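Presented sequentially are two complexes of chain A, the first with chain B as partner and the second with chain C.
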Partner chain A sequence: MNILNNVDGSAKWEQGTSVICSVTGPIETRRRTDEPTLAQVELVIRPAIGQATTRETLIKDRIYSVLAATVVRNLYPRMLLQIVIQILEQGEGTGYNVLKLAACLNAVCLALIDSRTPMTGLFTAVAIAIVDDKLILHPTRKQVSQSTSTHAVSYFVENNKATGLLMCESEGEFTENQLFEVLEQAARACEDVALDMRERIEKGVKEGLRIDAGQE
Partner chain B sequence: MISINDRKFLTEALKVSKRLDGRSMEEQRPMEVTFGSQFGHVELTMGKTKVVVRISAEITKPNERRPFEGIFVVHTDIGSMASPIFENNHQSEQEIMISQVVEKAVRRSGALDLESLCIVAGKKCWEIRADVHYLDFDGGLVDATCAAVMAGLYHFKKPDVDVDGGAVTVCDMEERHPVALSVLHLPVSVTYGLFELKNDETNEVEKVECVLDCTAIERQVQNAEITITINKNRDICQISKPSGVSIEGYRIVELCEKAFQEALKVTEMIDKALKEDEEMRNKGNWKALLSAENDRYEK
Partner chain C sequence: MSKITYSIFGSSLVEVYTGMSMYKLLLALATLQLTCLPTCSLNLFYHAYFEGPSCPAYHTIHTMICLPGDQIDFPKQDLTLGPGFLDDPLAADPIPIVAGEVHRTDPEDKKTKNQNLVYIDSDTRRYIPAVNDNVIGTVTTRHAEGYKVSVSDLSPGVQLNAMAFPNASKKNRVNLANDALVYARVSSASREVEAEIECIDPQSGKAGGYGELKDGFCFDAPIAFTRQLLFKGHTVLDTIGELVPFEIAIGVNGKIWVKSEDVPTTLKIYQCIDKCREWPEDQVRENVEQIMSAP
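What follows is the complex of A and B.
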């Protein structure tokens, strides 16, 4: 957390993939907004290699849906929240984006907190792959390519309890029961990630406070 | 943007040869290069400036006018992650300037041997692509980009190919040892900011100060900038000074000499980082085991 100097908030998330996210805002919009009562969220995803493709647009769309439920946009009407996600290491084959999606969501959450953007709460995400009818949390590159289906699940976490499902992006073939199992396991895993995140945030805030005190 | 007070403070300090961060006039911020797990993944930091370069290779059809050459492209796109002054998906004048200077320094200086990228003349060749990602901006983008791309080119290895008649097979990285690119020389860009120092009373220009490696704040005050690209063989690849305050010819020659000294330092730094990375990858000395080279001895 807080690794970049020129933006309001930034965070890096490494888990199989490596993703760095920056948040600037609220700032003045350059374009006219469609919604006069809400803040505008500009989200840019830059892939490690090449130009942004439909794959990035898909990730972007999913992240938007999560942000719509968590960022308190009505506090800053007609303002702009600029979020840039830079993927540094793909970590999975070109046909997949589970790991990326989960890492992006976690990085965005941390960066938003770092930038002190008002949110309704914490959200976390995990990647799950099903290999030979077995659920694998945080799969490796090889496991992703061997899997029959992949799932990226994001939960809203309150008081260290996963309370609401924000997003579930599945790809491949799977049964209804498998999906329920995935959601169940993902909820527990999201809680673990949230605990880990809290620790980091605590550390970040403490370091931040120390720097502020030093300047005074 | 910078306030009038800040601007004045900075120029007054320069008059007595002082800089905001305590460096001397001709002191470059130290560069630090780290390599990722994959070939051609370079992270370079220079003060607060942070650049990530990814080199990638893919097989395409060569340019019809140059059937014997491969293709090398550098993509520099500065987003608002580096600094909110840059707009996403929109190139400002400053950005275009930076990408042109980088293009000249790295691509047109012939650093990469394009003919070695040819696989089947007129049909297939390698396209080497350098994606530059700017994470943090504090001046010196051209210098940082140039060094990072060159380090990346040295570090990158492309998979080996087999040519059988017209059929080309790409060998797996694990099956056959990947091959390094043939890089001919290492151009280093050195950027000086030129500051017009005026006399307080007469408001006449007393002298033009050349300051090496300006930070983002200094860049806003500078009256012009000059980028010299030079390699350790003393070949000047480019001198770029777009508009701004004028400078005498002999001082440019002087600057070139100083730039050469800086280029030596940067070259040494990149060489050292490459060597360390090579040693780390070569743990267990598998390279010697794989080598088919015979011992050479003198008669």
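What follows is the complex of A and C.
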């Protein structure tokens, strides 16, 4: 958290892949694009190599749907919230999106908290791969390429409890029961991720309010 | 003698959530109609909102760190919500919407008018105008009725009316150049319209330290730090004041302006204020003396 100096909030998330996210806002919009009652959210994803493609657009679309459910947009009408995600490491073979999507969501959540953007709760995401009918949380690059299906699941977390499913992006072949199993395990894993985030956020808050070096 | 131009607005308070309450009332009424409840208990849906600077510096009896969506144990009755809380009319309780330290004031305290006030304090890097905040802004455009002033980079500008100066009239106008620095008080801040600032002390009707900041040096500081410096003060200011005369204006938008007899001294003062967060309190004097005595 708080790794970039010239933006309002930033965070880095490393889990299989590596992602940096920055948040600037609420800032002034260009008059043509603003919304009269809500803050506008602009999302830019920069891939590790080359130009943004349809793959990035897909990730962007999923993140938008998660943000729509968590960010309190009516507090800053006619303003712009600019979120930029830079993927540093692919972490998985081309053709897969699961690790990147989960890492992007977690990085965005931390960066939004760091920028003190109003949110109704946390959102966290985990990547799951099914290899030989076994569920693997936070799979490695090899496990992703061996899997029969991959799932990126995001939950809304309040009070350390996963209370609502925000997004589930699945690819490959899987049965109904497997999907339910995935959702069940992902909820627990999302709670663990949220606990990890809480620790980092509390450290950041204390650091921000510190007035001299002697103060705890 | 050192002259420290900062004033504290502890008791004069501001509306933070004006627009919100109308929206809430409408929604609450809609909810009531939908569920066909008797319209007697509007208070159930309606919490009072705190009117005050963006971060009050009251004595608090309860602090803890919270995250958005956390459940916080406090008495729900007669609660006044400060910055950082959202009272969703469809949710049971008000929830925190930012991460930070939760403060609750002592209901026995007369200074807070016995309010049961809760608010969240945290460091931000973007300043959002709130009424009665003292800010330092840069004039970006001049127009017929006044000036457009930037209080935070990339944020929408705020208005400074040409009449918002002491003794100003159509003939007697204050002339500010572009890029001039002004120390002002936020006089109105609403989400729907541009914020306004003024250079008049509302209590006396005089300048009261507000106005153009000529010469000197203005630098950025963390917003939470400027707030602490303005509301609670810091030993570093007193220590510098004992050594050299200087003027300082602290804007809670994360800007500090200092001026002294010559440029080297001003830069030394800047160094002291910039670095003092890294020093334990008992070493402040030693470090300040070291910096100020450097050639």
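The criterion applied here is as follows: the second predicted complex is superposed on the first by the 207 of 216 C-alpha atoms of A that agree within 3 Å, B and C clash if a C-alpha of one lies under 4 Å from a C-alpha of the other, contacts with A are read in each partner's own complex, and residues count from 1 in each chain.
Methods note: a contact is a pair of C-beta atoms (placed from the backbone, for glycine too) under 8 Å apart; a residue touches a chain by one contact, two chains touch by 3 or more.
In this text, all values refer to a predicted model and were calculated from it rather than measured experimentally.
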Inset, instruction - Determine, for the superposed arrangement built on chain A, whether chain B and chain C clash or fit. - result: fit
Inset, instruction - Using the superposition on chain A described above, determine whether A:L122 touches chain B (first), chain C (second), both, or neither. - result: second
Inset, instruction - Quick one: classify A:I20 as touching chain B (first), chain C (second), both or neither. - result: first
Inset, instruction - Examine A:Q86 and indicate which partner it touches, taking first as chain B and second as chain C; both and neither are also allowed. - result: first
Legend entry - Greater chain A contact set [chain C / chain B]: C
Inset, instruction - Please indicate which partner A:Q40 is in contact with in the superposed arrangement: first for chain B, second for chain C, both, or neither. - result: neither
Legend entry - Contacts of A:S149 with chain B and chain C, given as first, second, both or neither: neither
Inset, instruction - For A:N97, select first, second, both or neither according to whether it touches chain B, chain C, the two together, or no partner. - result: neither
Inset, instruction - For A:V205, select first, second, both or neither according to whether it touches chain B, chain C, the two together, or no partner. - result: second
Inset, instruction - In the superposition described above, what is the shortest C-alpha distance between chain B and chain C in Å? Please give a whole number. - result: 5
Inset, instruction - Go through chain A and flag every residue that touches chain B in one model and chain C in the other. - result: 7, 24, 27
Inset, instruction - Would you pull the chain B residues touching chain A in the complex into a rising list? - result: 36-38, 41, 48, 50, 52, 54, 56, 75, 77, 79-84, 87-89, 129, 131, 133, 135-138
Legend entry - Touching residues (chain side chain A, partner chain B) in the complex: 4-7, 10, 20, 22, 24, 27, 30, 42, 44, 46, 48-51, 82, 84, 86, 88-89
Legend entry - In the complex with chain A, residue positions of chain C that touch it: 20, 23, 65, 67-71, 86, 88, 95, 97-101, 121-126, 128, 154-157, 191-192, 222, 224-225, 228, 232, 234, 276-282, 284
Legend entry - Residues on chain A engaged by chain C in the complex (per definition of touch): 7-9, 24-28, 72, 74-79, 113, 115-122, 156-159, 198, 201-202, 204-206, 208-214
